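Shared between the two complexes below is chain A, which has chain B as its partner in the first and chain C in the second.
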Partner chain A sequence: MTSMPGAGRLTPLQIDALGEAGNIGAGNAAIALSLMVSKKVELSTPKASLIPLAGVPDLVGGPEAAVAGIYLEVQGDCSGSILLLLEEESALILASLMVPAESGEAGLTVVKRSALQETGSILSAAYLSALGQLTGLFFKPSVPGFAMDMAGAILDHVLADLAASEDHVLVVETDFIVSGVKIMGHLVLFPDLGTLDTILEHLGVPFD
Partner chain B sequence: MIDTVKVGVAELKASDNHDVLASFGLGSCVAIAIYDPLMKVGGLAHVMLPESRSPEPPAMPGKFADTAVACLVEELIGLGARKRSLKSKLVGGAQMFELPGASSAEAKTACGPSVNIGARNIVAAREALGKLKIPIEGEDTGGNHGRTVRFDTSTGEVEVSSIRFGKSTL
Partner chain C sequence: MAPSVLIVDDALFMRMMIKDILSKDGFEVVGEAENGVEAVKKYADLHPDLVTMDIVMPEMDGIEAVRNIIKIDPGARVLMCSAMGQQLLVVEALEAGAKDFIIKPFQPAKVVEAVRKALTSEQD
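And now, the complex of A and B:
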């Protein structure tokens, strides 16, 4: 067993390779979302970056932004977590695209909540399966957790898992827009730095 | 005009300058406010985890409840606070996600250390304060909602706001 790679050891080449892997994963997730809502989905170029813990909420509109978060733990050959964040308004629009108008019920009903949860699950599975094909590794997502609240509060939960031994986290982040409707979201992969050497090796950019 | 100083995740800050120290969007994290009401010196720590497991002192003492309390008290004393008059308030420690079946032992192992991390942070913060005999004058902890904290170091007043419950003062 190798020692845990310190976050500072990542080279620019490795960070680029992770961004590219994110591109492939997010691309597959976008196709899945596009099929679900029968609309075109546009993606930003995924960015892999190593950022201090305090900086993570700024990626998604600041710690007080009202968002819906769908969160899955990833186990298998590599571990980490994957988080779908939708601005509150976007989450409601997305849910109403999937759940035909319920009789006069506004806001987030149980059915809509469950539809969003399922969306997170499907997008994560699409992302991980593309990542699995690329690397030849096996990833197993957990059942999805759901929360609608401040972005910072939602991220706390994800970061707590990753932060015990590191002061920085690695994030592979993609923004997406569903055209024609005002849906904006973020799909964020947080690889566990402890199992990062495995994924880097399979991407052809191992630690020395 | 009083300055609002942001205390981000895993950070801690102390002030003898009447600043308002703020932590935004706390979920399972706990904000620990410690102050000397007479000397008007106060500090805020935004802790993520209960305790440091490493034998070495952490690079960011604000990350763990145990090291954050010790470090904050030291900084406050450095700014003229007297240890005997220190008081504290705690905010946060929510459980944001309820994973289906998370109560089963199997799910707990599968979900990793973040299960109940909020509750464990609160317990660790209380213990660390208790060890230094610093009384807790107010608490808004637990539940499953996010909170923002604004701590007025000149009065010791803590304003808590959340999307679901609006504002309240400790």
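And now, the complex of A and C:
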């Protein structure tokens, strides 16, 4: 698109600004997660980057990797979608930490699915809240959807729902450590056309 | 008699969590609803002392549900449950007639404190 000449070529300053939103968002997310699992949650330094759409499955080991995906749409001052990808093993560990009474049961029970879905919703809100604080923009998330599938299938599903989005997505990769167990999370923001321009402009680092 | 509570949230997990917190503190959870439409219907049937209301839900969101509940009962006590960063929605809910709000995820003590506060607030 014409207004996004630098979609794949963000300046170091722009990457830094988006990274800062990622840092604060991940900090919020760690606090939220800690309350949900009633345990101390440590956080690795989040890494923000802008990658091509097609590269999303590679974040979790390729299109055939088994993952849990929590997906929601964002409306408000600008629009887009958010996908939280958790590697299957991380998702199952996290679910067991939140629903300990059922930890003996294999696989995902209805309650565990609901717990993961709500985690995606709360972690997305934590990130959007940070982005809102830094930009002064208002974001309103939708009811989250949940799927446990291959990464490629989940991405296809998300892409089918997207109307007109950028060909690059913003990724915030964060590892949380809960009770010595590492949980790897990838928060992927699919900006609708013009959204990234608006966010960068409000962060004070617009495209030229 | 224990105060009666209706819990409204589209997430089963959150309903279980709130129910657990409130039941342990002596409240009677008389019903649950997973969207705004169901919430309004159950409020009319059960007339609970208090409603905990999620904001983002399918069918009808929590703000619209508060408006409808207040139409049925102007003295209804509704406590909004909002995720971080939804201040504008919370303001809208308070304007619609909600008494107060709590931020998800919850700290049990804060939930109980907010519920007690909402229950002792003056009815409009």
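Going forward, the second predicted complex is superposed on the first by the 167 of 208 C-alpha atoms of A that agree within 3 Å, B and C clash if a C-alpha of one lies under 4 Å from a C-alpha of the other, contacts with A are read in each partner's own complex, and residues count from 1 in each chain.
Please note the rule applied: a contact is a pair of C-beta atoms (placed from the backbone, for glycine too) under 8 Å apart; a residue touches a chain by one contact, two chains touch by 3 or more.
None of the values given here were measured: they were computed from a predicted structure.
Peer 1: Could you say whether A:Val143 touches chain B, chain C, both of them, or neither, answering first, second, both or neither?
Peer 2: A:Val143 sits against chain B and chain C alike.
Peer 1: State whether A:Gly152 touches chain B only (first), chain C only (second), both chains, or neither.
Peer 2: Only chain B is touched by A:Gly152; chain C is not.
Peer 1: Any idea whether chain B or chain C touches more of chain A?
Peer 2: Between chain B and chain C, B touches the greater number of residues in chain A.
Peer 1: Have a look at where A:Lys39 lands relative to chain B and chain C in the superposition and call it first, second, both or neither.
Peer 2: It touches nothing on chain B or chain C.
Peer 1: One more residue to check, A:Ser129. First (chain B), second (chain C), both or neither?
Peer 2: Second partner only, chain C.
Peer 1: Between chain B (first) and chain C (second), which, if any, makes contact with A:Pro63: first, second, both or neither?
Peer 2: In the superposed model, A:Pro63 contacts chain B only, not chain C.
Peer 1: Between chain B (first) and chain C (second), which does A:Lys47 come into contact with in this model arrangement: first, second, both, or neither?
Peer 2: neither
Peer 1: Is A:Val110 touching anything from chain B or chain C once the two structures are fitted on A? First, second, both or neither.
Peer 2: second
Peer 1: Give me the intersection of chain A's contacts with chain B and its contacts with chain C, in residue numbers.
Peer 2: On chain A, the residues that contact chain B in one structure and chain C in the other are 142-143.
Peer 1: Quick one: which bits of chain A touch chain B in the complex? Just the residue numbers, please.
Peer 2: 53-57, 62-64, 66, 69, 71, 73, 75, 142-143, 145-147, 149-161, 163-165, 167
Peer 1: Considering the complex alone, what residue numbers of chain A touch chain C?
Peer 2: 28, 32, 35-36, 98-99, 110-111, 114-115, 117-118, 121-122, 125-126, 128-130, 132-133, 138-143
Peer 1: With touch defined as at the start, can you tell me which chain C residues reach chain A in the complex?
Peer 2: 10-14, 16, 56-58, 83-86, 88-89, 104-107
Peer 1: Going by the contact rule at the top, pick out the chain B residues touching chain A in the complex.
Peer 2: 8-11, 24-29, 48-49, 53-54, 59-60, 63, 94, 96-101, 110-114, 117, 144-148, 162-164
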